[in-house]
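Each of the two complexes below includes chain A, the first together with chain B, the second together with chain C.
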Partner chain A sequence: MSDFNVEDYSDVTLSPLTSDVENELCKIMYTEEYKQLMGIAFTLMKQDEFSDRAFQLTSKIIDIAPAFYTIWNYRYKILDDKVTSCRENDDARINLLNDELDWLDEVTLNNPKNYQIWSYRQSLLTNLHPSPSIKRELPILQLMIDDDSKNYHVWSYRKWCIIFFKITDFNKELEYTNSLIDSDIYNNSAWNHRMFIFKSINQSEKLDQSIINGEVDYIKGKIETVPQNISPWNYLRGFLHNFCHETTAVSDLIPFAEKFVNIEEIQNQQLPDIESSYALEFLAEAFSLDDSTKQRAVECYKGLATKYDPIRENLWNHKIELLK
Partner chain B sequence: MAQKRVNMSLEDNLTKHVKFLQFHLSLLPSRYESYEVNKFAIVFYAIVSLSVIYQDVSEKYQSNLGWVRSHYTSYQVEESRKKISGFVGSLSAIVPDVISITLPNTLFGLLTLTTLHDREFFEKILDTESLCNFVGKCQLTDGSFVSFLDYKDGSPSAVDSHDLRFCYIAVAILYIAGCRSEKDFNKYINVDNLLKFIKSQECDFGGFGQYGEPHAGYTSCALSTLALLQKNETLTTDFKENTIEWLLQRQLSKLGCQKCQESNEYYDENDHGGFQGRENKYADTCYAFWCLNSLQILRKDWKKLCNADLTKKYILKRTQCTLTGGFSKNDADDADIYHTCLGFAALELIEGNFNGVLCITKDSTEQMGL
Partner chain C sequence: MDKSTSRIKFIDSKLLGRKRQPTETVVNSEENKEEEPEILIMKEIETQTTLDREETLSKCVPLLSVDRQPELNSQFHRMFLDYPFQNSMPPQMAAMDAGQPWIAYWVANSLKTMDPDWISDEYKERIAEKLSIISPKGGPFGGGMDQLPHIAGTYAAINSIVLCDNINDCWEKINRSAIYEWLLSLKTENGGFRTCDPVGEVDTRGVYCALSIASLLNIVTDELCEGVVDFLVNCQTYEGGFGGCPFEDEAHGGYTFCAVASLMILNSFDKISVEKLMEWCSARQYNEEKGLSGRSNKLVDGCYSFWVGATAAMIEASGYQNPINKEALREYILCCCQTDEFPGLRDKPGKRADFYHTNYVLLGLAISESEFQYRDNNKHSASSILSKPIRLRDNSSNLIEISPIYGLPAKDVEKFTSFFLEKTI
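Take a look at the complex of A and B:
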């Protein structure tokens, strides 16, 4: 496909852009080029022109103003029209859509924070592409995660893909989260993705005990590496809640959590230095589950309030109130 | 303009803030071009910020009302013969037969006119029926909303995302248009489906987000939506407790064990007192607002639960730009208009002068009967 050339549009009457209104606020000095492109685009839209030149025009405008929603909509309609016109030819349709994905990859790399790109992508795969494949999606996902390993939209899109493509080889996804957690153990999105995967596995077949034990060991290892890290502690709590008999599993982990906390000294209100406030919080919750250990929970919360996490003093005191 | 009783600590920099805000309402260089279609966001952020500082913003900008109102436009949607109306983000997007109104621009427009106390617009110009029809047309079968329609046939746009932000914006517009009871809302949207969608965004241990990862922005949108619908009771007590705790855990600290995070790239002891949007992320001005707004919806006595004084200090000392005016995301960035507005909003929420659910001052909501 040839590049954008403004001479291709010389026959188009420009739709005038309203401007120079009295007492305008926030007046943006748009360039002549911007005015011209928008003027052409609105005219073509009104005329329902779904041509190649209209398609090229949308690329050009998205380049300048990627947040301009109507243009994305226009582009989609042109593409839809092209797809319909080669209804009988699967290869042609596949090529068309793959070219579009190539183009979209470029736009994505240039606009990492724009969210329009992901919903546009979803509609291409859902409504237009004859044979979408997750293989085609992985490279861009990888590049985007390399660029920002906590990009919320990218992680959401990855999870959307797993559902959309009905992925069943979950081991690959688990390995993927492993590698990200290895490079940044604090990456909460990676931990969250892991939970999403286990929930997906559990939906197709109940998790078996050896997998559960293996995962608990995995979490323990990560906590031992960095005890003061909220992500694996939250993940542990979630994992026990979702896949285990929660109260038993939590009690079983008391000795593990006590490794990071000198619990007896805390019970005697001596407040020694400890390695992790999250371990102490875990213990407080574990002790709260049983009436006989409630007083122990109170002492843990007191420790959090006075020494280990004093910014949340009010929360910890509130927890003590709830125990009464 | 007559100055208000502002936060004492803002006093020194007030002139600079005003200059920063007025710059955004004046002639902007062409590098702002890509914001053109969503220009109303800039107008809203600047006007709301100014309304925090001044008593009489509405008088000062009286002469601009005509310009603001001219963004309100309506269309006849062929198949349903229903009229729809709303705001475009820029006059350059008003072209006959091309539907280009959006939910966000519409909310920003309505809130700007509310802040400017434009009674005439609400009484004589606004057509609430077609406005609410527009909102209704943006709802999908799963209960969520997209932010704009297909420019031609007026169906929900196939290329837009649908998430809690747009749910909030949709419901806020209906609220401003006068919907109060469930019956009022149900006239235009399917409330049950919306509630189901919101429920589907609940995370395991509190907070709302996509696919189970809680996010303070989405949490604020979900809770504000429920507040406007008066449906907070649909949340379970456990979920509320968990959400309160999740929100409180977003306040960053350098005290106690929290300082043992040398290897955490996203730990910065200067973030002390600020709020983050997710676990293990830096503090950011806007999340102070999203978190505190969520908290105040869940608990009347929210100030007794968090440490708002430290948040105030964080915003004033760390993200307030004393050189240029305005507030930044965090101290690594320049001030921008979005974080400036949410910085003011967070400070005013703490002072008790702000309606966080609608994101405008209490003065404005009271004056305009909202």
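Take a look at the complex of A and C:
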């Protein structure tokens, strides 16, 4: 692909970017370069020109205005047209689309918060590419997560890939979340992705008991490392809800949660220092499940409301109301 | 520069500088107590998450402990908002070139929330005129002149025109049937809406924009809503909040708002676990900063005062306990989201004000000073949520009542929807 050269467009009349209306609201004072590039692009779009020079122009514009979704759509239509013109030749089509993915990787690295990149990529893989591969997708996702381990779009796209490519070997994916949780135990996106993996496994084959026990041990280990961490506690509750007989499983974990809280002192309203407000919340919920321990639950919620997590008083009082 | 060199340079500058190995230190509980007496955490590991949090705490806590009654500096913020309506915008605003209706909505809505008289007839006329430049046929709207129609651009355009009190009959000029046909064409098989055709994302944000537009214009039909409730219900995660896409995308403040507001419009709030949603909303508020975060273990950000605060307000209007501490949220907003040095409102201390944050922080502030209920408890319609000011110990910010579903002044929503009430598609 040759580089952008403005002389290739010398025959194109520039479309105006603003109206003739005097005093137009929120008029942007575009730079000359911007006016020229966009002016050419709008003219070419109006003519439905699907040429190489139009394609090169879209690269140039996405470089300076990555959120300009109209240009992404224009580029997609040109690409679609190119793919159609070599529909007889699979190799040519694959080369064309892989080049496009290479280009997209570069744009992605420079624009971590951009929306358009990911939907463009999905459309390309879904509608145009004859032989898409998850192997081609993972390296860029890895780089993006190395840069920002909670990048929402990247996690969402990774999940989309697992579904789109019908991945059934989930061990690699689990190892990946292990490594991210090892480097930041508070990374909720990684914990969330784990839930997605287990739900996916459970859809294809019912999770067997040893896997369930293994995962509960994993969570317990992470909680022991840092007890005051909302991510594994939320995940624990979600995991028990999704894959276990919830009430039994929750009750079984009371002794574990009591390791972080001196529950007897809390019952006597002494409000000692505790290691985890989330452990106390877990205990409150566990005690709520059985009529004989409801009063214990109330004392836990009172402790949360007065000392351990007072900003959430409204929620704790609501929980106490439910117990009455 | 060839590709590989540029990639290495990028990695050097952007990645290596930020990547930190976790340090396994158990923080001594005694030290911890001295510095931050309210935190009872005994064990923690230093990671990127804790470093980011500490930085935020170090900037917020001093501002929150100032011993004076914080007040909204409305007149000062007005300067920030009048500027883009009275001047051309500098070249760096070209970054918003594909979102021009958003600027109109954020700025006009911020002004009107502070004082309805701050939106002059001249502003209203020019907003209406701007939208007719973007779409001479009255919609659907793109991000600017000649741009493709976009669901978010159309949402922001309709919200902007709601604020204009039908000046010069501008409401008559909206092309409802064209907008309806176009929304139908964006529907996807799984019950979502594509934000733009052919390339655009499909998530709860697109669903919310579509339903907000349609319900305001009275063009909601069974065909338009087919499969939408299922799409939304499947976005609720084990944490209780909602992700952008079905099947376990991470719960997130913005997407949660979009899903919950959509369910309110569809009268299907009872289809989800409200209890889990309450837990999740409440867990967004931190004891130390007092503001709201958008996800578990992420930082507070003023914009979630609306995204999460409005979700909590919708829960309240539906007859449940509001899971948020409004008084504390108000304190975060007034102490941490404004300064005397620069007008406008911001994400958090250390960040610059922008129009997006100014709008959503102000809406969050309005919510923190109001109570919510349905006008008629037997008949729930999206435009009939009443917001009543709470009597405050400190001075109220005197913001007007806003609709938590639409992020617009409640009176304007009522006026606009009654205008289209009798009209058919």
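Heads up, the rule we're going with is that the second predicted complex is superposed on the first by the 321 of 324 C-alpha atoms of A that agree within 3 Å, B and C clash if a C-alpha of one lies under 4 Å from a C-alpha of the other, contacts with A are read in each partner's own complex, and residues count from 1 in each chain.
Here is the rule we go by: a residue touches a chain if its C-beta (ideal position, glycine included) is under 8 Å from a C-beta of that chain, and two chains touch if they have at least 3 such contacts.
Note that this is a predicted model, so its numbers are computed, not measured.
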Inset, instruction - Identify whether chain B and chain C fit side by side or clash on chain A in the overlaid structures. - result: clash
Inset, instruction - For A:Glu22, decide between first (touching chain B), second (touching chain C), both and neither. - result: first
Inset, instruction - Would you sort A:His318 into first (chain B), second (chain C), both or neither based on which partner it touches? - result: both
Inset, instruction - Give one of first, second, both or neither to describe whether A:Tyr30 is in contact with chain B, with chain C, with both, or with none. - result: both
Inset, instruction - Based on the superposed arrangement, let me know which partner A:Asp146 touches: chain B (first), chain C (second), both, or neither? - result: second
Inset, instruction - Using the superposition on chain A described above, determine whether A:Leu109 touches chain B (first), chain C (second), both, or neither. - result: second
Inset, instruction - Determine, under the contact definition given at the top, whether A:Ser183 touches first (chain B), second (chain C), both, or neither. - result: second
Legend entry - Overlap of the chain B and chain C footprints on chain A, listed as residue numbers: 15, 17-19, 21, 23-31, 34, 38, 42, 45-46, 65, 67-70, 72-73, 76-77, 115-116, 118-120, 123, 127, 150, 152, 155-156, 159-160, 184-189, 192, 195-196, 199, 226-231, 234, 237-238, 241-242, 274-275, 277, 308-315, 318
Legend entry - Partner chain C, residues of chain A touching it in the complex: 15, 17-19, 21, 23-31, 34, 38, 42, 45-46, 65, 67-70, 72-73, 76-77, 102, 106, 109-110, 115-116, 118-120, 123, 127, 143, 146-150, 152, 155-156, 159-160, 163, 182-189, 192-193, 195-196, 199, 225-231, 234-235, 237-239, 241-242, 273-275, 277, 308-315, 317-318, 321
Inset, instruction - Note which residues of chain B are touching chain A in the complex, please. - result: 24-30, 32-39, 42-43, 46, 61, 63-64, 66-68, 70, 91-98, 100, 102, 147-148, 150-152, 157-162, 204-205, 210-213, 215, 241, 245, 248-249, 251, 253, 255-258, 260-261, 263-266, 272-273, 278-281, 304-307, 310
Legend entry - Contact footprint of chain A on chain C as seen in their complex: 3, 6-7, 10-11, 14-15, 18-19, 21-22, 29, 40-45, 47-50, 84-85, 88-91, 93-100, 103-104, 107, 123, 126-127, 129-130, 133, 142-148, 150, 195-202, 237-239, 243-245, 247-252, 278-279, 282-283, 285-287, 290, 295-298, 320-325, 328
Legend entry - Parts of chain A lying in touch with chain B, wherever the complex brings them together: 15, 17-19, 21-31, 34, 38, 42, 45-46, 48, 64-70, 72-74, 76-77, 115-116, 118-120, 123, 127, 150, 152, 155-156, 159-160, 184-189, 192, 195-196, 199, 226-231, 234, 237-238, 241-242, 274-278, 304, 307-315, 318, 322
